[in-house]
Structures are given as C-alpha cells and as structure tokens.
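Chain nomenclature is as follows: A, B, C and D, assigned in order of appearance, with residue numbering initiated at 1 for each chain independently.
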Amino acid sequence: MGAGQPGDREWPITMTDRTMIDSKAIDPKTTASKVADPYLSHLELDQPDKTFLDSNELVINMGPQHPATHGVLRVILKLDGEKVLGTECVIGYLHRGVEKIAENRTYTMFNPYVDRMDYVAAVSNGLGYCEAVEKLLNIEAPPRAKYIRVILTELNRMASHQLWLGTHALDIGAMTPLFYTFRDREEILKIFEKYCGARLTTHAFRIGGCQYETYEGFERDVTKFLDFVPPKIDEYEELLTSNRIWLERTKNVGVISRADAIALGVTGPVLRASGVKWDLRKAQPYAAYSDFDFEIPIGANGDTYDRYTVRMEEMRQSLRIIRQAVERIPEGPIMAKVPKVMKPPVGEVYHSIEAPKGELGYFIVSDGSTQPYRVRVRPPSFVNLQALDVMVRGALVADVIAVIGTLDIVLGEVDR
Amino acid sequence: MPQVIQPGMQPVATTFFFYFLAGLTLLSGVFVITRKNPVHSALALIFGLLAQAGLYLMLYAPFVAGVQIILYAGGIMVLFLFVIMLVNIERSQREEQFNKQWLVGLLAAIALGGLFVMVYVKGKALFPYPIAQPLENSNTQQIGVMLYGQYMFAFEIASLLLLVAIIGAVVMAKKRI
Amino acid sequence: MVSKLNGQYGSGIREASTYLGQNYMVVEPSVVSELLQILRDREQFDYCVDITAVHYPEREKQFDLLWILYSFPRNERIRVKIMIADGESVPSAVSIWATANWLEREVYDMFGIRFDGHPDLKRILLPDGWKGHPLRKDYGIIQQDQEWVQANLGIESGP
Amino acid sequence: MLNYITSYLRSNTTPGQAGNVFWAFVYIMVVFGGVSVAVMAMNWLERKALAHFQIRLGPMRVGPHGLLQPIADAIKLMTKEDIIPAEADKFVFWIAPLIILCASFAVYIVVPFGPTHAITDLNIGILFMLGVSSLSVLGVVMAGWASNSHYPLIGALRSSAQMVSYEVAMGMAVVSAVLMTSLHGLGPYGVGAGTSGTGTLSMIGIVQAQQEQHVWFLFKFFPLGFIAFGIFAIAMVAETNRAPFDLPEAESELTAGFHTEYSGLRWSLFMLGEYAAMIAVSSIAVTLWLGGWFRPFPNTLTGETWDLVFSLFPGLSFLALAVIAFVGVRRMPKHPYFRVQTIGLAGFGAVLALIGLILFAPPVRDRVQDIFWFVAKVAGFMYLYIWYRATFPRYRFDQLMKVGWKVLLPIGIGVLILTAILGVVL
C-alpha cells in the first residue's frame, strides 16, 4: 500500500489496512519470502496497537494447558479479532536435560534415555543414537540387525504417522479418524511388545546391533499387518481426502514456500510437502535403506493438505519398505563385535536419520572415556516448530490449530 | 377465516396481565437509563421489549408481537450487545452520566409528561372504541394486505432507505470493495 | 572447495580435514560470519542443520561453537567450528539462516554464549529468570537454581 | 369444575385455543417433561451411537449398557460445585443459561405433535418459533461476556455472528414453505381445499395444508421444496451450534467456547438448552416439510386396513426395542457380577414390551399415533445430528460465514422467488 495513494490516510482505522496487507501476504502465489530479515519469532507485547472501536488487540495464551497443543506447548497469540497478528512459542515445560544426562552416563546407559524424547517414535530415536555411536566406534551392525532395524523403524514411522493423523484430524474437528488410527496403531504396538516387551519406549536396539533375535512368528505377524493395514489407510483417506470441509480447512492453510522451508531448516514431511524431494533415507542412506526400492512423495504447494497427502503416501511407502525387508531378511548374527566397555577414540561425529518428523541428528563428542563428552540432539520437532509463526501469520485462530497439528511436533522432543 | 370469539375463549385475567406487563415495561425502562453498566441496560431493554411484545399480544396483534421479538429482541439487541461487549466497559462506568444534559432531559420529560396528561384528559374523545376489534385470525393477513396494498409505496420507499443504509455502512466500513 | 576458501582467507582457516568421512573446518572467530555467508551463497550450503557448542573448561578458549551445514544441491555436510573464550560474543547467523534463531537461543540458554545481532536473545528452554547455564561442565547434574525454584514453585528442592 | 376439565376432551382444538387453563397446564407439564426425558435419552443415544461409529463401546458401567448414565451424569452435575469466576459479572453470568433454557423450551408451546396435541396453536406459530429460538443468541452472548475471559468472549462473538447469519438463510427457507401453504399449484387462488389463496403461519395450519394439497412440502414443486428443506437442514445445524458448525464450542481452539467458565448445574442448563433447541428446530423441519404428525401416505394408502396397519407401528416399534433389550439380556456374560445388570436390562425390556402392548389398545392407539409419527421423524433428524458429528471435520469461521451468506442465502432467495413464480404460473 504505497504512501502516494490519495486518500490513504483519510481512514485512521488501521484494521482495514492490515487486512489488505495480510491477505496479500498469505496469498500462496506470491513468491516473496515471508520470513522477515532478521527473522523475528517473538512479539512486541509492550505496545498493543489500537484497532477498530478502540479495543486493544487481544493477546491470548494458548496453552500450556490446552487440548490442541499436543502437550505442554504455550503459544502466545496476538489477535485482531480472529486474525493472528503474530505468535510466540514458549517451550521448555518438558525440559529434562537429556543432553546433560548423557554426559553423566556411559554410552550404553544413555541408550534408553533417547526413547523418551520423541516418545511416539522411540525406535527411530534409538536407531539414530546407536548408529551414531557405532560410527564413532567405527563398527558396523551385521546385515540381519540392519534389516530388523529397518522393519521396526518403518513400523514406528507408521505408528507415528497414524498418531499424527488421528490427533490432527481431531484438531480440525473430525473425531472418528482418531479411533480408527489408534485401533490400527495398536497392531504395531503389539508387534513391538512381542519383540522387546515394551510398547512405547521400546529400547529396541543396542549399540552394535540388536539385543533380541526376532521372536517366533515375527515375519508372519508383520506380513499379516502388511495385509491388514492398506485397506485401513484407504479408510482414513475415504473419510478425509476428498471431504469438502477437510479440503477447505487444509488447502492453502499454513503455506510455507520452498525457500522459507529451507531457510527455516524445516525437515521431514513438512519440507517434502513444500516440494523439496529430500529424504535422508535416499540422500544419505543409513541402516539397510540403500537395498530397498521406494518413492519419496512430495507436495506442490506446501500447505496443510499437501503435508497430509505426503504423510499418507509415506505410510504406504513404509509398508513397501517393510514388505521388501521381510521378504529379503538375511540370516546371520544380530550383534557386531562390540567391546564390553565402550571407549570410543577421541573425536566427534554427526549422524542423522530420517525420523518420522524430520532429520534427527546426533552430534557426539568423545574424549576417549566411557562416557560421552557431549551429546547434542538435533530434534526435528524443535526446528520445525520454529516455522509456526511464518505459517500462521495473517491466518485465523483455527488455522493455528491446524498448523500445529500438521507440524507433527512432540513436546518431549522439542524440550528434551 | 374470521373466527367468532366463543365464551370459552375469553382471555383470562386481562387486567392483571396488562398491569403486570405495563409495570415490567416501565421498570425495565427505568433500569435502562439508571444502570451504569451498559450490558445491564441492554438486558433491561430486552425485557422491556419482550413485555411490550406481550402487550401487543393482548391487543390481538400477534404478528406485531412476533416481529417485535424476532427483530428487536432477537436481532437488534444482539447487535447492540455485540457492540457494547467490545467497548471498554470499565472506562464507561467511570464516566459521569448525563453530565451536561440533565436540563434538556428535564425539559423533554416535562413535554412528554404534558402530552400524556393531555391525552389522559381528552381521553375517550381520541379513542372512540373501548377495546380493539378482536380480529386475531385475520390480523396478520390484514397487515399484509395493508402493507402491500394501501401503503405499498411507503413500504417500498422504506425498504429502499434501508438498502441505502446498508450500502452506506458497507462503504464506510470498507475502503475498497 | 576448502583450498579455494583457503586462498581467500589464508590464515582464517586453521584446519580443514575429514574425520570418519565427515568434513569439518576450524576457523578464526573473526572470519566466521563472512565465511558462513559465503558458504551459503557461493557453496550452496543452504540448510543450517544445527548450531551447538561444547564446553572445555580446562582450555583457555573454553568453547567450541559449531555450525553443522548441509547442502541440498551437493548432498554434502560440513561442520564449521570456532573456538571462543568465555564471555566472548559471536556474530549471529540469523540473517543468513532464519533457523539459527532458536538454535542460537538454545546455545545461549545452555552455555551462555552471546550472539551479536540476534533479534531476541533470551532463554528458550529454561525459565527467563534462571541463573546458570546447565550444559557447562562446571554445572552439576543435580544442580539447580534453588532461589528460582523456591520463588516460583514454592518448594524446597535440589541438593 | 369437573365439567371444565372434561369439556375440553370433547372439543377438537388445542388447549390454548379452547382457553382451558387446566389442560394447558397439563400439556405444558407433559411436553416439558417429555422434552427433558428426550434430552436425557438423546444424551445416552448420542454417546452410544457415536461410540459405535468410532469402534468404541461408550458408557457400559452405569446400568446395563450404560442406560442409567444420563441419570448419573445429572446427579453429578447437580451436586458439583457451582463456580462463578471472581471477575465475572455475577448477575449476567447467572441469568445467561436461564435465557437459553427459557428460549429453547418456550418454542415447544407451538410445536404440533398432533392436530390437537399442541399447547396452543398461535396464528403466527412459525414466526413465534423462529423469534423465540433466536433469543437464545442473547444467552450465548451474555454468557461469553459475563465470564470475563478471552475464550468465552471469542466463542460468544463467533456464536452470535453465526446464529444471526444462519437465521437469515433459515428464514428464507421457511418463508418459501409458508408460501407453499397458499399455493395449490392451481393459480394464486387455486381451488382444491378449504381456504382461499391466503396462506398460514400457524404450525397446525401448515401441516393441514400439506394434507389438503396431498403432498409433503419436501416434494412440492420438485426440486424447490427439496432445496428449501436442504437449506433449512443445514442452517438448523449451524443454528444449534452442532458439528460441523460447532465453532463456538470448538474444543480444539477455544477449549469450550462461550461456556468455558461454567460448571455444574449451570453448565448442564446449557446442554439441556442445546439439545432442546436441536429437537425444536428438527420439529420445525418436520412440520414444514415432512408432513408433521401425518403417517406416511395418508392420502394414497387409505382405508381401514391401512389405518390399522399404520396404527400398529407405535406398539410394534416398542416391541422391537424390547426384543433388542432381551437379545442384550441373552448376550450378557453369565457371571454373578453381572446379575444385577442382567435383571435390570430384562426389566427395562419388560417395561418397553408393556408400553408396546399398551400402545396396541385401540383407544390409546388412536390417540398416540400422531405423536408417534411426529417423534419418529424428529428422531431421524436426531440421528442425522449424531452422524454429522461422527463424520465431519469442523468448518473454519470465515468458511462458515461464506457458506451462510454466499451459498445458502442466495439459493434461499432464489428458491423463494421461484416458488412464488411457479405458484402463480402453474
């Protein structure tokens, strides 16, 4: 809105100005980056602007106790009516100092702790940590262990995505998918339970391979699950994919452009939905992923709907990977030769895997002792959550809910 | 289908209801102007309007009563409340009410009172019929016939005026359409 | 790439090598801001994976500050490391990668390293009034800001 | 005195029209009691049906299959502490649920459960219904404002905007149905049935007009009546703040909308009002488009045999419910723990069967037939409400407004104009 336009200042009511500016800004067709320079993720709460009818802008605390923030996330919303003028995330309510704990435990002892970060995808966390330490020790897990790892990790990806779908749909107001996804997630958890005795925080892998050989009938159970689940995914899609209200609530909502997504370091399905065909399983294969044939689904617009479709397709691709892995699983040992007392040589290593939520990285510094000198976790949820502000500015309150859901954050991982 | 009023259908306790509704109207009127909290005023106004609707019913004008409820109590008052809710209540409560206008108010009240007294004195000459014609069943139709027959022009002009008001409001609220 | 940069900065880059197949370079704090900009613009490291620090209390320059970068076009990672002393501040990378905002806040929160030019440098995971930076080696594992805990939670806690 | 009471039974009008205060009082008590029971039953049914949509069991513990759950809930809500926030406007906070409750119950004054089974038949029946039900917006607005909290305020603003805008579309649909009462499809002053070309706003009159014209207004001027009904069916969901238009109480965004700060009895009054309003708007839809209390095909399937067949439906449906209950008894686990529940369920089945048998008795049969068909049609709508809730995501606020003003309203006006033209031309 140029200052040169005559009559611009005749109306002291600022709300209309803002409406026009912001409706332009949320137009997905504008290619300009929405990220301000420098990028501000906080609000200047001290000076509330005056708006229509002399009423101040509303500042609302969404959370930490709020049904739709997926845990103890607190979002301070600055609203003009229903429109979001800005957000600020307040996190740390679940901070447990995982990185500090790591410095006081041996490598093996720290292994179960990583499960408590992203507790809906505990297996992925364990995989990342074990592989990072293996890299540091310069050992490699035997092929059979790698295959077991792939199967369990992909099952966990399914479980994580199912949980995401259920809660996301519930946020948008569709109650029923939640129960359907939980019913099917139960089957995955049953397999976990049979394999390692735990359902959620599995601690399934050890440094150097796997602790447990697959149980009797593991392949049968997994194959049964593979046959059981595709119609269920179709069922979810039937409820949502072409539902008019679902489309209206998700299309062009929370758009994040390709450039913005990269600048904000967003990873995982959120990045892929913005059109970046990047998946660590393909880009820098780890475990046994280079053996399998699968596609990386990507979206075009980077909106909530694309993120939904990308994750739905990812579930199908996961099934594809699991099927190949179960068919080709080699015989052999499941544990590499690992010293009883782990003393990695002095050095540092960064290893990252494609967790269900994005790039999960471990940066481990060893000082040659039995305890890691420093473990840094690069949590995907933490970094993805940072994009919330860009995605919801100018949108409505209801969109904030949809976007928090679609980012698929787990507060245990954000806060660590 | 004009219906003959049967003996069994005589209204019950007419006098009581009249005084009850009239008293309610007056009381809520007083509350409207004395409450400092505008929401309470609006609430009192709603009760006043509802009581008035009751009075219309007693005058065998159910359509007018219904319109009173649906438009005034239901529609306009909601908008009133809408606006009042967004105004900073605390500030308006602190303000002195009628600070400079009590003289004008007094004059208006005296004039209105004089009018009432005059009507009361002249009384029956102005209203030749003791009670309204009980035309309950065809009353609504009569209003329709009147509005779209005899007073069609006035009615249409009034709706045109409203249209102008709507467009004006839209233009004022939005710089660019 | 490294040799190219080496030519440009000469003494700025102290060490550039590969450990376990992972590239890293150690540079002088004075050139790091410029170097990061160049890495993004010219060498296509468009994705800042992580910013973190390591504390070595026995060293004179106590902190290692690391940027882990990734390039989508090259499918390559690189770590840029600087060594700084306690109390020394570092130019912020927020204008280079927007994602640096929270990552730098976390480093500040955990290590107390200040970033110049950061738009909103305050604690992120710990509460605002907290004293101490927990990931420093001199901060005990069960240590806590008892004053804060007492004032805000009203409980006796800690060692 | 006795004469006063019995004289009404011989007359053929509603108690209100007959001016019989005693019977009017009885009717009021029966209708309000019935609605309250229906709300409780609806509560149980919604939870059970929703649970089965979602592969859950729903309430199972309190009574057999959770039958006593609504009663347990009611006791819990009544004994719960009634919290009024310190900064709330006490008087408005106190009166808001009462306004909603009064508005949604007062509507039942004109609901015609049968030709004589209504409290009264107002000349402006449908106008009265719309007007009074629109008063509940006031309660919502006041509740939101009086709570003196952000979420309720936003919820109240949303809610009032939503209810006011959907009332307009709703009104258009209603007017087109009212218009049909005067249009016989035989010219403006068509010949055919009793009255001349003037239509009626009276609820009973509208149902009778459908009988006289031998058509439900749903099928009149096909598809115009159908579209008008569709508009009403959508608008009434929005009007009662139910899914997918339940934005005012969208729990994922606004925790509980305008009644966030309410608890205990006062909160239950909101729920009571909401369910009563659902039933009320459904009865409007049934009255205007689905032939009110008339059984299916009252004009084609005539004759004593058909009358008998249709008059057996109320009893048969109760017997069917009893059979379901007895099947449930059979499927109960045979364990001492479940003995009380099994006996309870059997007793419930027996009561249902008894009611069914009583309904077969000729004098009762003739009296309750109208009520049965009316209630059955309304129950269909209630099921739809539950179905929507299980299936649809929630609209966003601007989309909701778009649907109301840019879709439903223009279509409503179009249908109204077309109905008028068609009625004159045909």
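General remarks:
What we mean here is this: contacts are C-beta pairs under 8 Å (C-beta built on N, C-alpha and C of every residue); 3 or more make two chains touch, one makes a residue touch a chain.
Remember, it's a predicted structure, so these values are computed and weren't measured experimentally.
When you average the Cα atoms of each chain and compare centres, the chain farthest from subunit C turns out to be B.
The interface with the greater count of contacting C-beta pairs, when B-D is set against A-C, is A-C.
With centres set at the average Cα position, the gap from subunit B to subunit D is 30 Å. Taking the mean of the C-alpha atoms as each chain's centre, subunit A and subunit B sit 60 Å apart.
Per-chain Cα centroids separate subunit A from subunit C by 23 Å. If each chain is reduced to the centroid of its CA atoms, subunit B and subunit C end up 71 Å from each other.
Those residues of subunit C that touch subunit A in the shared complex are 19-20, 22, 46-50, 52, 54-55, 66, 68, 72, 75, 77, 79, 92, 94-95, 97-99, 101-103, 106, 110, 117-120, 123-127, 134-135, 137, 139, 141. Residue ranges on subunit A touching subunit C, taken from their complex, read 35, 37-42, 91-92, 95, 97, 99-101, 103-104, 135-136, 138, 260, 262-266, 276, 278, 283-284, 347-350, 352, 359, 361, 363, 365, 373-374, 376, 378, 382-383, 386, 415-416.
Interface residues of subunit B facing subunit D in the complex, by the touch rule stated above, are 1, 8-12, 37, 39-40, 43, 46, 62-63, 65-67, 69-70, 73-75, 77-79, 81-82, 85, 136-137, 139-141.
Within the complex, the subunit D residues that touch subunit B are 7, 17-21, 89, 91-92, 95, 122-124, 127-128, 130-132, 134-135, 137-138, 141-142, 144-146, 153, 156-157, 160, 164, 167, 195, 198, 201. Residue ranges on subunit A touching subunit D, taken from their complex, read 58, 60, 66-68, 81-82, 169-176, 178-180, 183, 239-240, 243, 245-246, 248-249, 396-401.
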